[in-house]
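Next come the structures, one after another.
The same subunit A turns up in both complexes below, where it pairs with subunit B and then with subunit C.
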Partner chain A sequence: MQYSAVRRIAQTGERFSTLTSVRSPKAQEAAILARQATASWNWVNSLRAREAIAGYFFILPTLLSFLVFFLIPTISGLGMSLFDWDFFSDPDYVGLDNFIELSQDKLFLTTLKNTALFALFATAGNVGLGMFIAIGINSIKWSWLRAYLRTAYFIPFVISTVVVALMFGFLLQESTGVVNYYLSRLGIQRIPWLSSSTWAFRSIVLIDVWKHIGFFTLIFLAGLQAIPSELYEAALVDGAGRRVRLTRITIPLLTPSLFFSLIIALIGAFQVFESMYVLTNGGPGDATRTVVMYLYREAFGSFNMGYAASMAVVLFFIILALTITQVRLGDRWVFYR
Partner chain B sequence: MKSILKRSMLIMALVILATTTAITPAQDEVTLGFVYGSFAPQEKWEAYFEGFLEAHPNVTINYIPVPLDSWGDYTQKIVTTMLGGEQVDVIWNAIEAVPLMAERGVLRELDSFLESDPDIQEFLDDANPKLLEGLRWNDQQYLLPFAWNTTLIYYNKAVLEAAGLPEPPPDWTWDDFLEYATTITQDTDGDGNNDVWGFHHNAWLWHLGPWLVSNGSFFLNEDFTEPWYSRPESIEALQFARDLIWEHGVGPSGSFNFREAFVAGTLGMMIDSPAGRQRLIPAGMSADDYDVVFFPTKSGEAAPGSQWGTDGYGITKDSQHPDLAWEMVKHLVSTEVMSKLLSGEFASASAPARQSLASDPVLVAASPANYQRFYEVLENGRTVINAPYFAELAEIHDRYMSQVWANEMSVEEAVASIQADMEAVIADN
Partner chain C sequence: MMTSVVLWYSDTELQDKLRHRWRAWLANAVLALPLVLGSLIMFLPLVWAVSFSFGQPHEFFTLPPPVIPSAFRLDNYHGVFERVDFLRFFLNSVFVTGCVTIAQLITCSMGGYAFARLRFPGRRIIFILFLASMMVPQHVTLIPVFIIIRGMGLYNNLGALIVPYATSVFGTFLLKQFFETIPNELEDAAKIDGAGFLQIYWRVMLPLAGPPLATLAILTFNSSWNNFFWPLIFINSAEKMTLPLGMIYLRGQDGVTNSGVLMAAIVLNLIPVLIFFLIFQRRLVEGVTLSGLKGA
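The block that comes next holds the complex of A and B.
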């Protein structure tokens, strides 16, 4: 419909501009409009425009899902944080009261601290260890062993977090767990893996690293594949040893993968929920309670939707600030060939 | 003449038949949403609807499973499901959830049905009045009781026998109990770790409530407006319960699969409910292999006590077919359906709410010798916490008592914090 309308206007404009010898102001205006319509029609017909339209059609599903599942909920969450709403009755506008209350909420500050510490250790474990495991796997000569190890490390990543948590809950039981059984066989005292505040936190980090390390290993393996072998050959000719090749070629050229992994790991770690929820329910005390757990309890336990939304907003800005900082700092240490 | 009359009568009859058939509409197809706990598979719940679907061929049931970790979580998930647009008509839920669901307008009051439907009188006469009363809120009935639970101490007869102990007396004291637990606890292979434990309990409300009731106290007062944690009787009972693990070493610390250990003979005594039968039967334990006894009291003179809770069926306020939903609820609390609790082969093995089923031969055959003790503590027990702020209170209890159970906080510190935090929650509500 739109195309035919444009074509009609364009054709009318051409006739009008050709036939009119006397250029009255009205005629000139009409001629300009006609030229614009002709230009638009030409643009629509151009290859570039067709490509652009096809491109928009290609991204339409993603764009729609982004709008429906990300942008609209994010804006709704921002709006909700300004209201006192219990799901059942009409929301009351309270301005920034939820944020003021949040700043004085000791439990929120505790959960924020727990989340930050978890993010720090889990990111270090996942990204740091993942990189060295990838380098180790990549240096193996036998391709079958490389493929086996790659798969073995990746398998935990595809298992549901809840299943992983239940499995570790069984393995790490204090009195009857398999891990403590073998430790006691070695003469090591049983460890309260999930029942002491200190150990529960460590266990959760350990489980998170066990589950996610394969994903980061895979990213680093892909990064390693992209490093040209000529660089190593040249380094060998120059007499560079293994350590020099690692620190001067491998690690600098892995920094784009490292940069990507750090951002992904940090965002994921700040949103941690399932493993704590299943294994410790935030305890003992609040030792393993994270912001998302507290948020869930406030939203669906106490039905304080506005207050929970304000937590989500704070978490969103923390993650945003950290990501921006990383991107800014990334310019200084990430090497792109 | 006669034949004309006959023909006219026949034609008239046919006309009336045709007219009435045309006027009477075919019964509309109706789908009723039914929320149930997914701890039991759907087919076990489907068995409850035999008879109902035959009587109402136009009804289809949309089974909506909801995971049941705790009643607070279960209720939250139901509410979230409904807010998400799922059509729910009949809900299976527990006493803990009634105040919240009633106050939030999720459940429909059932008094109008109870008053207008004479068929329900038979159930009202048979159901335990305590359970019926427990499912009321603000003088209105919201659920009809189906099955109830309380807790007693289960003991494994073979483990006690191996330790040279007779079956415990019903009026035993804390000292007696400690002696039993100490005698049972053994390091059989001498590796420095206990292989057989005397007793196990967690810091859960469900496990600690009976210790408090047996010592003349509870978590809160009768109407749940005043915490009782800082009462001397509460502190004394909680201290004894904690010391069993950390002072006397007769119970394992940390997470522990107590039911598996009980069945395997590496745990002598544990806390469980009538529903516990259902978990022991498939593990190969017969009703003769174990029995139940009251919680001990400090002096042995106090009446044994525990806490009890009940589940039931109710209708949502949003139900588009409340009359049919009511028919479904009536069916679910019928003797026929409730009898399915007795053998422990269906969705639940909790005790039936109908008093007429309390001594049913099927129940007696599938239960330990002293099963009737559950009924005795029901009479003396306290109801579980049922207040609109139940989830908040439960979280406060867990927060501090889990630290006591991890030996990271003293009982005195914990009760002081619980008392203060619960008072704040109650004041806010």
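The block that comes next holds the complex of A and C.
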């Protein structure tokens, strides 16, 4: 509407000014107005529109990928959980039957329990130990040692989980493993690292901590460096000792890093798959089988696509609920400067 | 000599200073000791892997297992190349990781530029949706994506490992945050000179974005190189495997499970990763802390 009106005024004004000689002041005025109108319209037309077009052009790859590999799959994944589908014949709508079946599926409940316990211990180990290692590294005065320690703890993070798992599978063998040999030299009995169900679970947690602790240490180190040194100087002037400085300054000011680490660690731990898949294949029995392992087997082993999709949905809501709870609780204990 | 010692001791101020220094040194050492011991636990498995990769089969069943093998024989390494086409796995990994990294650098910087610098209807809503997608575990999308990839004819094709990873929300977010810090004057100057948006992106924005692009490249490289779940689902022939999946394939060969051959393959895996780590350590550390701080 506006566009054509402005255009028309502009055109008539221009024509008017060119037709009549430039002598008449009214015509001159009209011509100037018209030119201004054209100019401002052209500006709006060119810049705004071109900017918008450019904007869509620049986000096009990301947007396309988002639609094809996230939005459409997420919606159809949620929908698929309501169907019984073996991939080859037509899917049957079954409502919430998959979820009812899940709630009675002993194996699913076992994998859920394993996953939750793994998440609990791995998160505690990674985040808790990571925080204390970071505090320790940060309070060392020799910078070369700080640099060495940071590097040493971080190295396993760049190695792929598959390689890590294969390596530990070799080192942790019960009778011929090198770890057990040196433990026996220390007078500790051989540990069935991967062959007893309790120890297999513990080993998986330990390996996970070995691999990821450096990542969390780095995050805490960054948090520590962000604490202004004036606070410590002021505390020293007030005569605060090491412990007071730790509990009253360091730890409160590290809570944002702690909060972030807890969220990241839990989200990751609930999706754990690789180390179990490689190292124990869920065994002995089902002692180290996780939800994603069961999901993988149902989807690509038994082709129970609908059932597997419903597991993913349960996993999603668990992660979502945990994250929301953490964010809610975070308001109470996270200290933002 | 004697006199100097006496003199030295008589200076109480210096003595106090020295004592103080000694105590600080001791405190430092006491603090460092458990951390240094812990760091040895980080290295020890890697050292063992290397030493066993040179070992002979019979050595694995002798106790004590030799930490330094009796001879640096390369039999295990030959064993790897006899059993599988390890070079092919490596080249596949290089190809996939290279494509994914380059693609992400382009798409994420484009997206980041648009979200930070251009106004277009729906910008905020689209960006919020992007961010929300980071919360959803990939297993929800797994089966539909599997069907889509098959529909594209990419099953058992390296493309299946590249196309879904050609862009990332995290990278777009990272670059957006960076582009927002660039002063408007630079862009305005380019506009006055008659530069279009493509030119501003290419000539003004990208040359400034070196550090965040390097961070993104390294993080992407690392996660793509180590990706296992995706190849496990989409690749089923040995000549299309990348290194992590190839390792599992190798383990399935005769007499490889828990042997020196497997250790040799592990060492072959570690070498490029550790070289990569040593070269890019600083950027990698920066990248991790940056992504950590952004979230915090």
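Simple rule for what comes next: the second predicted complex is superposed on the first by the 267 of 337 C-alpha atoms of A that agree within 3 Å, B and C clash if a C-alpha of one lies under 4 Å from a C-alpha of the other, contacts with A are read in each partner's own complex, and residues count from 1 in each chain.
Everything that follows uses one rule, which is that a residue touches a chain if its C-beta (ideal position, glycine included) is under 8 Å from a C-beta of that chain, and two chains touch if they have at least 3 such contacts.
Just so it is clear, the model here is predicted, and its values are computed rather than measured.
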So, after the overlay on subunit A, do subunit B and subunit C clash or fit? They clash
_Which of subunit B and subunit C A:L166 touches, first, second, both or neither_ = second
Between subunit B and subunit C, the one with more contact residues on subunit A is chain C
- Which partner does A:M80 reach: the first (subunit B), the second (subunit C), both, or neither? second
After lining up the shared chain so the two structures overlap, which partner does A:G283 touch, if you call subunit B first and subunit C second: first, second, both or neither? first
| task | Kindly classify A:P192 by the partners it touches after superposition: subunit B alone (first), subunit C alone (second), both, or neither? | result | first
| said: Just to be sure I read the superposition right, which of the two partners does A:A54 touch: subunit B = first, subunit C = second, or both, or neither? | reply: second
Partner chain(s) touched by A:E174 [first = subunit B, second = subunit C, both, neither]:
first
Going by the contact rule set out at the top, does A:F300 touch subunit B (first), subunit C (second), both, or neither?
both
Which of 22-30, 58-66 or 382-390 hits subunit C? In subunit B, it is stretch 58-66
On subunit A, the footprints of subunit B and subunit C overlap at residues 169, 173, 176, 300
Per the touch rule above, subunit A residues touching subunit C in the complex are 48, 50-59, 61-63, 65-66, 68-74, 76-78, 80, 133, 136-137, 139-142, 145, 148-163, 166-171, 173, 176, 178, 181, 185, 210, 214-215, 218-219, 221-223, 226, 256-257, 259-261, 263-264, 267, 270-271, 273-274, 278, 292, 295, 299-300, 305, 308-309, 311-313, 315-316, 319-320, 323
Note: in the complex, subunit C contacts subunit A through residues 24, 28, 31-32, 34-36, 38-39, 41-43, 45-46, 48-49, 52, 60-61, 63-65, 106-108, 110-111, 113-115, 118-121, 123, 126, 129-130, 133, 135-146, 148, 164, 166-167, 169, 172, 196-198, 201, 222, 225-226, 228-229, 233, 243-245, 247-248, 251, 258, 262-263, 266, 269-270, 273-274, 276-277, 281, 284-285, 288-289, 292-293, 295-296
Residue positions on subunit B within touch of subunit A in the complex are 72-73, 76-77, 79-80, 83, 104-105, 191-194, 197, 252-257, 261, 266, 391-392, 395, 398-400, 402-403, 405-406, 408-409
Residue positions on subunit A within touch of subunit B in the complex are 86-88, 169, 172-176, 184, 190, 192-197, 281-286, 297, 300-303
